[in-house]
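One structure is given below, represented as structure tokens, and several questions about it will come after.
We just call them A, B and C in the order they show up, numbering each chain from 1.
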């Protein structure tokens, strides 16, 4: 560069365009903050007088090569976009914890207390029919599984609770589940039933606990 | 390193986290795509298993030093923001923030510097009652939120500033408030009761003030 | 008081001026503390070195002037005036050793602290608002990319839920109409009918348990109900004079026989 040129440049400093590195910063900031792609003309209208936005764009584009973000041209305008290979990062996995439905909890409780329990037994105890979905959900959660078929007419399938059920509820085995008496003393059963209904249930429980449940833990 | 170890490592390669340069690209892409600050935990939940987002962030932040866009930390989250010296280029993007009244500005500052602050403390400092509207406006702007109740008679609610407040004012955390240390050492953030009014409540207040505020400085 | 009068004279010109200046924008003040802070600036000293006594005089002059001009001052300005008048007298009079309250100096120091703290908060607020601000000086990403949400739902329940669920089913059973459980209940009427039929054959003493209806002996629930009903029916029959009843000792078997 000639000496005269340099002098001229120095004289013009006040009115000179910012250095290219600075222009690149400007383009970078504007592209980043803009809500839509921006044309070179618009970039230059925003930048100080004398800037070469096209040149700054070329440099910026080069700088972002191979990075997580790219400078892309859309029609005659420019924008910044995340690298296409990282698109999979643009999804957010949210795990929502939801309480089990009342029907599912009751069904699960019946299986836990009466296992092995057939669907008919569950329905008899709940007093309503058990939807396919409820059983499927519990199976899917791996809190119940199929037990042995019952040796009664029709050989119905039975359900039993799984080790992961025990794990979730912090039980060593299903026999650790509090009995009706304990439920009552914990205030969970408030009304004293007519003598018949109550003791029948308890007897059944007791019987189940010795026969049904020990069966489960034998195999 | 023993040969067996090496073999093992090679076998494990398939399950290893991506190299740091790649992790940096990922963090860059995710931060770039979001207006809201993103926590390290969220970054990692979106990145492949085994990634060290915190380390990638440190590298990325360094990479963007002096550029048109910066990597900033807000509380425990990270975001990309344009460099403040280039704000003049973004007139088009400028958001008109609602003009805050003097009362609102002072109330905001008192909450920020004294947090957690009760309404009574704000009133004590300003010497006038705080109107419902002032607090509401700040809550609505999401610059303040309710903090824990104070353990003083009446258990008054407290107010603290939010991450959006920090983001808006370009603060990494509440400890970075301008002049906080000086105000503190000058005793101007103390909750000094008026002489002759040593009520139990005030004593407790003082205790709270030291725990609440020094919390900011510990760790 | 002579000294008070004297200093009051001395300050009066500047006080009046300050008071006039204040009155101009009395509506612009945010309460008496704000007015005091403004007045304290006329002393042109560091807030830490402020003369609270002078400040009190300035404020009282301001309130006097407002009264002369028949300006409505809010009640808290007048409360502050009363308090400052009290403070002024405290500061001027020698301390009363019998008085247990805080000294004038302590009260003055606290007021100075309040003013300094308010000023500090105003300065802090100004510095805060002067910072580079999001949306004005620096900007967030303008064009955010849509983050697809992949939602997976994890169901959970606690042991308590489970127990309550079970208890709920059991409790529901207990609310069934009583008649539903009658297949396990042997009523006294049934027992009476039965006993009337059998009693003709009871010539010898026989244990009451042998009168239990068939099918009610094994199941403890049914047995309990049948036993109670049969016993009640027996007593009824004794009362009617058809039956004799005896028990040799406590808890010994109860025996029946036809009354001859």
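In the analysis below, contacts are C-beta pairs under 8 Å (C-beta built on N, C-alpha and C of every residue); 3 or more make two chains touch, one makes a residue touch a chain.
Since the model is a prediction, treat every value here as computed from it, not as a measurement.
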item	value
Chain whose mean Cα position lies farthest from chain C	A
Central chain of the complex, centres being mean CA coordinates	B
Whole-Å gap between the CA centroids of chain B and chain C	30
Chain A and chain C, separation of their C-alpha mean positions in angstrom	35
Shared interface positions of chain A, touching two or more other chains	29, 32-35, 82, 90-93
For chain C, residues that touch 2 or more chains besides their own	139-142, 145, 147
Complex interface listing, chain C residues touching chain A	139-143, 145-159, 161-176, 178, 181, 184-185, 220-221, 224-225
Partner chain B, residues of chain A touching it in the complex	24-30, 32-35, 46-47, 66-69, 80, 82-83, 86, 89-93
Residue ranges of chain C touching chain B (in the complex, touch as defined)	30-34, 76, 101-103, 106-107, 109-110, 113-114, 116-118, 120-125, 127-129, 131-142, 144-145, 147
Touch list for chain B against partner chain C, complex	32-36, 70, 79-84, 87, 90, 93-95, 97, 102-103, 105-106, 108-110, 112-113, 125-128, 167-171, 177-179, 183, 186, 188, 192, 194-196
